[in-house]
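Shared between the two complexes below is chain A, which pairs with chain B and chain C, respectively.
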Partner chain A sequence: MSMTLEAYKELEAVVGERNISNKPWVLAGNRARTPEYPFEYHSPDAIILPGCTEEVQEIVRICNRHRICFVVTVSGASVDAYANRGDTVLIDLRRMNRIVEINEEDRYAVIEPGVRHVQLYPELRKKGFTYVTAAVGPGGSVLANYTSTSGDNHNQHGASRANRYLLGVEMVTPEGEILRTGSLQTGSGWFCPDGPGPGLRGLIKGFFGSHGQMGIITRAAIALNPCKGPREIRTEGHSPHQHIYLDSECSKVRVFNYKSLDDVREAMLRIGEAEIGSTVMKFFYLTLAVMMTDSANEFHKLWPRIRRELPMPLVVHLATESPEEMAYEEGILNDIVEETGGVRIAPDLENWWNEHMDFFMVVSVLQRTLRLGGGWMPIKLGADSVSHIVEVGKSISEFIYDYTDTGKIFDAPENFQIVPMEYGHFAHIELLFMYDRTDPNSGKNVAEFRKTSRYTDLKHHYHAETLGCLNETTELLGPLYCNYHLWMRALKNAFDPENLANPILKE
Partner chain B sequence: MEKLSNYKYTMDQCNHCGQCKWIHPSGMHGWDYSEICPIFHEYGFDACSGQGLINIAKEIMNGTLQYGDGLEKMIYSCTACGACDINCKSVRDMEVLDCILALREDCAVNGTLPEAITERKKNIGESHNIYGLPHSDRWNWIPKDCGEDPNSDTVLFLGCAVSYRQRETALAAMKLLRAGGVSFRLLREEEWCCGGILWRNGQTDAAEKVIRRNMDLLHGQGVRTLITACGECFGFFRGAYPKFGAVSFRVRHISEVAAELLEKGKLAFHKLDIDGPVTYHDPCLLGRLSEEYVPWKGTIHSYGLHEPEKVWRRGEYGVYDAPRMLLRSIPGLELREMPRNCENAFCCGAHAKDADQEFALKTAAERRREAKSTGAGCVITACPFCEEALSEPGENALPCVELTRLLADALEGGEE
Partner chain C sequence: MWYPETTEHLSEIIRKACETGAGLVPLSSGPPHLHGASVNPEAETVCFEKMNRILKIDRKNRYARVEAGVSFGTLLPALAEHGLRANHPFLPRAGKSVAASMLEREAVLVPKYQYDYTDPLLTAEVVYGTGDVFRTGSAAGPGPVEELKADMVCPWGPGSIDFLRFLCGAQGTMGFVTWTTLKTEIRPSESELYFIEAEEPEVLSKLAAKLLFKRVPDDCIILNAIAFSAAFSEDTRQENLMREKTARWIMICRISGYERRPQERIRIYSGYLKDIAASYSLRQGTTLSGAEGLETFIDSRLDDCDRSDVYWKLRRGRVREILFLCPPSRAGLLTKMLEERTKVLPRENVGIIIQPQVQGRAFRIECDLFHSESEKEMFENCALEGEKALFAAGAYFDRPYGKLPSLVYQTDPVGVQALKKVKSVFDPKGILNPGKLCF
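Up next, the complex of A and B:
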């Protein structure tokens, strides 16, 4: 540990002995190293659990005084929530877990960072609301998903990315000032992100989320959507075979197989134009097979069939207010699918989706994808028009076979998803690849594959890789996006001259 | 027996996804009562959770972390309740609890165990029970006319807690079996501690001796069915014994037997003098951890392929329904579910007591808070350890009643 005792004692005075530790075994809980982690591995010097905004502010000021870096964590499900260099304190926001307000009239919820999906979702549903949820699973921070990571979700065809739903925000800047955005700053409440008052959503969130490089968000308001399903969630069965039931008359899943990405694009655009469906996605076929099975062994049995029968599945979830509306949406969907060359998949496979889509939509089971030994990596994650993103999808075949055919990654070249947003106004792409964690070369292979994918995008001038926080990727991609990286760096320098808040790193 | 390196695959697989800390989404109900790990709930650091203990185990195995600085206390404050294990297994193929138990095994050799845990081992070695009380007290109170049939191939195994501290439960179990016409016998002086607690504490050599001795005895006597009214003994017989050799007898909890008798019309219950609704606390070893252990030895290939195929204990077939069915069959008794129930049940904290009494009491109080939130006036459970923990004085007090005794009281037309 290189943090001075003086600094530790100052931090301890803020949160109390119970809420800070530098014991090696406590630090061990947050320093697991995984091969996909692109940075040099470090242990935090201490972990601190503040209980309120003022404590966060005090911690940040102490870090500034002592030149200690800080990284925020909530669930730590993302690889960025770890110490990425020495002299770092990990600020774990789990104690700040209040749902401050659910405003039914103006349809927003104000939450602290420690509120998890498994906590907020049912509270909102009881009141007839829902919100766009990441597939991270029950313990993911809702706030972090909205403010600090991509916020992509499987419902975004009929909704959007989480960043579109971010309203008033309270944050502690990297130097320890409290900043309130939008209507919040002028005392007008949480309802508006961009005024009256400073519209700083872009600065705080950007397109992807700053991973805490611009400061620590302590409270945020998110806009809510009305919930079309029942308020009470009915569940039957025991783990791992639980079922959550939505209203089946008003909730149906159809899965179609397509032969070409061009046809998929056509179907997506037309479904969007018709403004039907709550979810539309060209889903990952490998992921689909893992989700449908209860163990890795069962996956390996099912996979040859899925690979053969479902190379390009288009999953459509229709969720309506009434059976009549359902009949209307179904009719239109059938016409579009027929005209675009889609074929409905085998009933036994589609039934799985009908039985589990509710589950998937509610809080997701995507963690199951980690079941194949834990080695996974989602890349690209960018967004642009549906047509542009389909072109990106096609370009994957230019480089992926070098990796799948040589066993460097799992042999599933079509394992990418394209999810349109806002009824087809734009779309998101995610290439999810699995690698073998038991292979000592996996770290190297993962890095190489990511790089190849990135350079293919650069070659084609594709907007495919996500505009992440400040790192080497940003420098590479910046010119493709109006040199946004120069702005970002200038802002970072202005707000965090010492580079202490989740510091910029070389990969 | 269980080396840490046996769990390297589990250690390497963990992605810090957090499912081991939070209620399964299918059981979500609101903001409160959504955490499932008692140590995470209390201490808040990730290290204090199934995921954290896996990380710690990995660092101990790799030699980058040493015992001391309170680590042993945390390892044994973990109640080994398995909520992390079952929730992780709802999405993953990992052995979280077994990895924690392997860490304990390592700790028992290379660390410094909490005194009370060392004491338990000594007690079992010297007097065959966890309390260090005279062995004769285990059976010398059993009435002569308890209705046992010395030739029966069904044994009613009482266990330490029931034999020494909750004899009423033993008598109630005998009453139920008699009423249902089930022939049974008792082991009396031949009954020793089941040894499960030694196994759970990582004192594997001592556990093995007791378990092998018990298996030899039961196999030698041609026992075909073992019934117990103790959730802990039940879970250990099913989950731990097969690790030491093939078990040829069937293990049943009294609630399963009673539920079957009820279904066959051999038992009936009358109304009880209980005001208001009740709630039921699922004991960990009767519920999510009671599935039979099927030994597995093999190779884990790339991408998780287990060869030969492994039978996973994911908690699906725990004893959840029998106690509920019995309670619902008592006329006028209204059963209300706690938000965290069945495989998501929050542990009563009983087994943290030997490492950290204060934490154990807080954990029980948290479970009582949840029980009270249902509006129930009393909490029913089916394990003497849970009963003892939930009955401790402290915050959120509410009466706790043991299921077997409740059923015996409600027996229609039964003997006095």
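Up next, the complex of A and C:
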């Protein structure tokens, strides 16, 4: 441990000895858990659990005085939530888990970082609200998703990415000031993220969040959407055989198979223009097969059928205010599907969706993707128009067979999802691949696959790459994207001259 | 005065100003200039009137790309030809720059299409105070814009910074925008316009929030009789007549059908409107007392900009606007306060417009104080006093013009420091619209 005892004692004085540790076994348990990622693995020098904004501020000031780096973590689903070098304190925000306010009239909730989906979702649902929910699972931090990571979700066709719903934010800057954005700045409440004048909200999150590189968010307001469908959710069975239904004449899932991505694009655009549907997505078929089964053996039994019958599933959830509106939406959907050549899938496969309606809310089964025990990785993750993103999807076949046919990655060449947002104004793409982590060559194969995917996009001038926080990818790609890395670095330097807040990039 | 014709030309102008230290102020709209953001005696004007091309209208992907000098007067008919419409402000003047309006986060008429406050602005090309050219969101790359295959519509990033948000509300202090991409929507194939009358604004703002929660209306706007009659008349005589006959407060609400099954949609959604209005003891009608026969005229005016010789807000010579934002729970109270504060002025000079925004999660409230040149001082003083009182009561002046910046920024030294850091990155020499906001 290179942190001085003096620094440790100062930190301990802020939170009390119960909420800080430097015991090697505790620190070792708080290292990143995904060894297949190209990441420098370190134990932090200490792990500290503040209970309020002022304690976070004190911790950051102490870190500045002693030049110690700090990284924030909540549930730690992301590799960037761990120490990536020595001299680092891990700030675990799980104690800051209060739902500060649910404002029904103004349609927002103010939350602390430790609030999980499983905590917030039921509270809101009871009041007739929902919010766009990442598929990370019930234990993920709502705030981290909205402010600091991605924000794509399965309901974004009839809604949008989390970016649109992030309102007022309270944040401790890397130098230890408490900064408030938008209407909070002038004491006008949490409702507006922007202004006065230019929005400081620009610092918090771009396409992705900054993973704590621009400061630690201690409270944030998120906008709420209406929850269509029944307030009572019927459940049956126990995990992992739970069934969750949205019994209602106003909620229906329809799944169609398509032969070509061009037809999928047409369907998505036409559904969007008609402004119907709550969810529309071309879903991952491999992921679906994993989610549908309870064990690896069962997966291998089902997979050939899914591969054969569902190579390109378009999942549509209709959620309406009235049965009459349901008939209207269903009528339009049927017309569009007929025009675009979609074919409704077998009832037993379609029913799985109706029996797992948590998928559209707390998303409790998606983490099953991790269950096969192998490696998995999502790549691309960019967004633009539906048409452009479909072109990106089509280009995957230019390179993927070299990897699937040779066993370098799992043989599922269509395992990417395209999810439109704002009724088809844009869409995001995610190419998710799985591989055998026990293969000694997997690291090399994965790196090569990622590179090939990236170069295919660059070759075509497609906008599909993951452009995230300041890291090596940003440095590599920046010159091709208007030098955004230089502007990001300049901003980071202006707010964090000592480069202490999650400094992924080496000087 | 500079007249850039290309991005490179603008970049050259800014680089030169960097060397000489000359201040520059951008001007994209034709006159009159109501807020004074583009007037700066300490700076040379960069006028975008020669950058006035519509670069693209894409029906399939529902967007348009326009240079900074393109006005609503030019864009709206061009979009209509493609079966599209813009989510534009209520009756903007024909010469108003589309880019400037969106960058200023002006209120839009169809709140259900607005997901957050920067919507419908999607991406922009900007020249920063260093002379460097940058493109936001998915317009950033990869590669030069001529080779980029993306439609350049994704608004966020690139990377973990929301570059677009630094340009919005900045009054040109962070960079000069050369073109913007905006979201457009399918024009309804049929629609029904409804009017709902009330004595008080609060019940209408509550109704609007509820309707938008359920995503019922397209256009949705609430006006007092003064603003209504000024907006929907063609001259002063007609305006005076209408003002006396219409209800004190009127909400206009459009229910639309699109290309598929339009009548079915209109029937279902009109039913929602009727039920929700009834729950507030209100009734919707397709005619309006005091303005009978004018429904078609009102309908067409909502769909366009004001093309008359004298802008509808300027019939008495001048207008002083009070513009602020508030959440639904405060709309009634703050409107009442606005009425109280302007009581000293003749009633017929005080137009108030309440516009639900961002899917009904907030309201932009606009008070138009119509007056003549000789009344300027009295109206200005009343407006300033009113703004102070409203600010103290929690009204959010997110677009501070004129004397407002000193009021709104005084309460937040940390925020001001942060804004100055951002400014030092994008305009290190402080040449872009100097003296505006807190710079």
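One rule holds for everything that comes next: the second predicted complex is superposed on the first by the 482 of 507 C-alpha atoms of A that agree within 3 Å, B and C clash if a C-alpha of one lies under 4 Å from a C-alpha of the other, contacts with A are read in each partner's own complex, and residues count from 1 in each chain.
Note that contacts are C-beta pairs under 8 Å (C-beta built on N, C-alpha and C of every residue); 3 or more make two chains touch, one makes a residue touch a chain.
Just so you know, these numbers come straight off a predicted model, no measurement behind them.
Colleague: Just chain B (first), just chain C (second), both, or neither: which does A:Gln417 touch?
Modeller: neither
Colleague: Of chain B and chain C, which one contacts the greater number of residues in chain A?
Modeller: Result: the larger residue contact count on chain A belongs to C.
Colleague: For A:Glu325, is the partner it touches chain B (first), chain C (second), both, or none of the two (neither)?
Modeller: second
Colleague: Which partner chains sit in contact with A:Asp384 here, chain B, chain C, both or neither? Use first/second/both/neither.
Modeller: Second partner only.
Colleague: For A:Arg107, decide between first (touching chain B), second (touching chain C), both and neither.
Modeller: second
Colleague: Residue by residue on chain A, keep only those touching chain B in one complex and chain C in the other, then list them.
Modeller: Correct list for chain A: none, the interfaces share no residue.
Colleague: Under the definition above, what is the set of chain A residues touching chain B in their complex?
Modeller: Checking each residue of chain A against chain B gives 19, 21, 23-32, 34, 47, 49, 75-77, 92, 94-95, 99, 115-123, 126, 136-140, 233, 235, 237-244, 294-297, 299-300, 359, 362-365, 367-368, 370-374, 376, 410, 434, 436-439.
Colleague: Which residues of chain A touch chain C in their complex?
Modeller: Touching chain C from chain A are residues 103, 105-108, 159-161, 163-165, 173, 177-183, 185-189, 191-211, 213-214, 223, 226, 269, 273-275, 321-322, 324-325, 328, 331-332, 335, 382-388, 391, 422, 424-426, 457-458, 460-463, 465, 467-470, 474, 477, 480-485, 487-488, 490-491, 494-495.
Colleague: Quick one: in the complex, what on chain B touches chain A?
Modeller: Residues 9, 12-19, 21-31, 34, 44-49, 51-52, 55-56, 58-59, 65-66, 69-71, 74, 86-87, 89-93, 300, 302-306, 309-310, 312, 314-318, 320, 342-344.
Colleague: Taking the touch rule as given, give the residues of chain C at its contact with chain A in the complex, in rising order.
Modeller: Answer in residue numbers: 60-63, 105, 115-119, 132-135, 137-138, 140-143, 147-154, 156-171, 173-174, 183, 186, 209, 213-214, 258-261, 264-265, 268, 271-272, 325-330, 358, 360-362, 391, 394-400, 405, 408-409, 411-412, 414-415, 417-419, 421-422, 424-426, 437-438.
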